[in-house]
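First chain A sits with chain B, and in the next complex the same chain sits with chain C.
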Partner chain A sequence: MEQTDKKGYRGDFPVRDEDVTSSFKYEVADWVGGEGLLRCLKCGACSGGCPVGSVIDYRPRKVLGNVLLGLKDEVLSSDQIWLCAACFTCEERCVQQVNFTDVVTVLRNMASREGNAAPGYIKMAEMVMENGRVTARTGLVDKMREKLGLPPLQDPDVEQLRAIMRAAGLNDVIAANKKGAVSK
Partner chain B sequence: MKMAMAWGCLVPTRRSLLGYEAATRKVLETLNIETVDVPNETCCAPFWMQSLDLTTSIAMAARNLAKAEEMGLDLLTPCSGCFHSYKRVNHVLETYPDMRERVDDILRSVGLHYEGKVEARHLVDFLHKDIGADKLKEKSTRDLSSLSIGLRYGCHMLKPHELLNIEYSERPTFADELLDQFGIDSVQYAGRHRCCGGLLRGVQDDVADRVLHERLSDANEAGVDGIVTVCSLCHLQHDMGQRSIKRKFEMDDLDLPVLHFPQLIALGFGYTPEEIGLDLHTIKTDKLVAKIMGGGRR
Partner chain C sequence: MKAYVLFRGCSTPVRLPTYEIATNLVLEKLGINVEPLKNANCCGALYIEAQDEKAFLALNGRILAMAEKEGKDILAICAPCAGSLKHAKKLLDRRKTVRAEVNTLLAEDGLEYTKKVKVKHLLDIFEEDIGLYKLRTAITNSYQGIRLAAHYGCYTTRSFENLHTGSDEISTTIDDVIRIAGGVPVDYPRKMDCCGAPLSAMDEKLAGKVGLDKVRNVKDSGAEGIVTACSYCDIQLSQVQFGGRWEKSRIPVLTLPQFLGPALGIDEEDLGLHLNRTSPSRILGSLTGVR
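This part shows the complex of A and B:
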């Protein structure tokens, strides 16, 4: 087992009042999907079923604990929120309906606005903005489709999609991550 | 019965997934289901996009739902990622009035409106619930009882079950029931229902490899003839990712063909392997096909 977080479990503990943003958990709970956080008992059922946790040292409970403690900067700037594979097993098993996957989505949204999104996802978003799909159309695939008797590939309404993305504010998120700039 | 089809980004554009589309079209045609593709379908903004901005994702996914709504049809998709994304739209709009207002505004700005009346359906659930296992058996013309396969339900067709409302995800059986109609032995093995790590691809590649390694080891140890997936991402992982796992983890005996669920149904209906793109997969499907065809290919 490798430590993904080099600080380890006890690196910066104990946590003291002056090191935390105590309002952080309420901030998270205020977002769509974040409301379950305050119900967390830290029982660890999430960690027990985590498929990522079975190959590396990753524990959803620890992430929840960090959020509840108010370790805002650490949570939003580290890998720990980008290691969830979104399998929803923890969400399925949680007796308190914390919905860890949804809480992680909130944390990722927050981090993304601060320019800390996973670069791979930003690349994919740019691809979608360019093509209307997360993949590009190639002549080779067009030929294979024809050979298989499939109808010609439709062109996505990329103009409309771009307008939606712009109106919803995704351009700002991408810009924040391109410059590494903070735009809150 | 008529359904609006949302194929997603990957299915119609990736070599090894073209057979998913071909087989789905053929299976639905055989079952007399009329389909019409969502006009100029765009990205469904699945979980990875939700990670960047949930509001944007909901509005993006609502675009295709609005198009289906204009046609007065429910939406059918073979991709679990799309399915999950579309189910989430209705849930979020119903649960959070502020979000609905925001998404309404965004859609209005591009001349669209989504009332929230479209139900998104996953192909496999549709085959089970709306068509029925009996009907598949009726149309079956080829015996597939020589096959033992590892069925991967994946994550986004079932979890969380309150949202997706198909079957509780810990011990699902509905898709096995469908394969049973063709005599296929769907093998129960440890790890069958666990995540393949697909969403970590391109973001945490080493972790994605390790999770996939576990899944491929599980299936390999179960001694199955092949794996069957119901999700585009699962297929990309298991099929396209398999060679690099074989190298990286020195699994010399690893050689598992990975089929799309409707490809098996289409084989049962008598279609040829070529008609459903079985020759386009990264991992050769020849051995499995030979087993069905009694050693020789037509």
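This part shows the complex of A and C:
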């Protein structure tokens, strides 16, 4: 795994048997949203239209290729699954209805359970848990709203929401990632 | 009078309240009643969906169920919010077991989602409820050929119900509204591309680069302003112009109802146009009527 750079690209390094989990693609396809993966022809239409790929060396096809090849540890621990902007352009253009954005969601869910969620994402989850929203109300905001003739902003019923989120497992995901950060 | 509950999301009411008030005023003028959905939570967008899909579906299921309780369809003006709700609705509607699971979670809150409620983005309202013909008759103070670029925002153009048709990629609603209000819609390279904002949780520099690319393409096309239909995009496309040496040639960014409002005879100050981060005075100067 040391043979990849930060963005998760292998470059010219060979794939070794011990890096491959051949059942990985079926694990992904078993999740809701992951079914399309097995239809991938690796044609590259996804990479061609990717807005992130136009700025940096990011290629959805490469991510799909790595998943199909079975590079489980590499895919789930690297940045490559977190660089997708979830704009759905590739999903719309895909001739095989692979649904790359949905596949990435599955991969991110898998990585999050293993404590490999991107820190920025964990922060968002914590804010939702804490306030029920990801932006904070301030006195300045209240004043601006008043000036515009808008009603004051009310906070959602956080207790109820927390109970729902806890039951949905969001707490466990946050905990898994906190622990991961400490033990690293 | 058609009525909607407005799901305002997190960003709009705090970071872009001018979009909220402008939406209220413009829709009221066009015969659509909008009431905010009170006590609503965050939709979680792609961030919660990425970490725990069940939590994501519960967050959105809660919003959908709250609107059902009010007996009205949902209007979302932020693109990721509209997208999340539409996407979650699709997943919940198509999978009975998932829906049952989410409803079990919501039952503690006394809520139930029954598939009834519809979700619309602001652009859907213009297309489906108002109609461009009616809009044309409502214009009282036309712009005089100001050249403007539309930025759609990924989730506003995706139907989610029916992806893969490719037709969503050539949405023209904002361009149509610009034309009807007397402006000249300008095409530019990579027009339908993402603004980069969703990347900011992962890599802020990269997000800024994607956004600045977009702004540069607009400027190269000769447009004098950007019209948006999403708080997230609007904030991003304004913000990226404030780093580095971009001070001298900032291009104004404003939301669709803020652009349309003055043409419908709504007071500019009421629309919060004086509070915009990038001054829209060049655009407003193109209005026919006396200001």
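Quick note on the criterion: the second predicted complex is superposed on the first by the 163 of 184 C-alpha atoms of A that agree within 3 Å, B and C clash if a C-alpha of one lies under 4 Å from a C-alpha of the other, contacts with A are read in each partner's own complex, and residues count from 1 in each chain.
The rule is simple: contacts are C-beta pairs under 8 Å (C-beta built on N, C-alpha and C of every residue); 3 or more make two chains touch, one makes a residue touch a chain.
Not measured: the values here are computed from a predicted model.
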Assess the superposed three-chain arrangement around chain A: do chain B and chain C clash, or do they fit?
-> clash
Contacts of A:I56 with chain B and chain C, given as first, second, both or neither = both
Chain B versus chain C as contact partner of A:S47, first or second or both or neither | neither
Thinking of the overlay built on chain A, is A:A125 touched by chain B (first), by chain C (second), by both, or by neither?
-> both
Go through the superposed model and pick first if A:Q160 touches only chain B, second if only chain C, both, or neither.
-> both
Overlapping contact positions on chain A, where the chain C interface meets the chain B interface | 32-33, 51-52, 54-56, 79, 82-83, 85-89, 91-92, 99, 104-105, 108-109, 112, 117-118, 120-125, 128, 132-138, 141, 144-145, 148-151, 153-157, 160-161, 163-165, 167-170, 173
Please give the residue numbers of chain A that touch chain B in the complex, ascending.
-> 32-33, 51-52, 54-56, 58, 79, 82-83, 85-89, 91-92, 99, 104-106, 108-109, 112, 117-125, 128, 132-138, 140-141, 144-145, 148-151, 153-158, 160-161, 163-165, 167-170, 173-174
Which positions of chain B touch chain A when the two form their complex?
-> 9-10, 12-15, 18-19, 21-22, 25, 37, 39-43, 45, 47-56, 59-60, 63, 92, 96, 99, 105-107, 109-110, 112, 155-156, 159-161, 169-170, 194-195, 197-200, 202-204, 207-208, 210-211, 213-214, 275, 277, 280
State the interface residues of chain A toward chain C in the complex, per the touch definition above.
-> 32-33, 51-52, 54-56, 79, 82-83, 85-89, 91-94, 97, 99, 104-105, 108-109, 112, 117-118, 120-125, 128, 132-138, 141, 144-145, 148-151, 153-157, 160-161, 163-165, 167-170, 173
So, in the complex, the side of chain C touching chain A is made of residues 10-11, 13-15, 17-18, 20-21, 36, 38-42, 44, 46-55, 57-59, 62, 83, 91, 95, 98, 105-106, 108-109, 154-155, 158, 163-166, 168-169, 190, 192-194, 196, 198-203, 206, 209-210, 213, 270, 272, 275
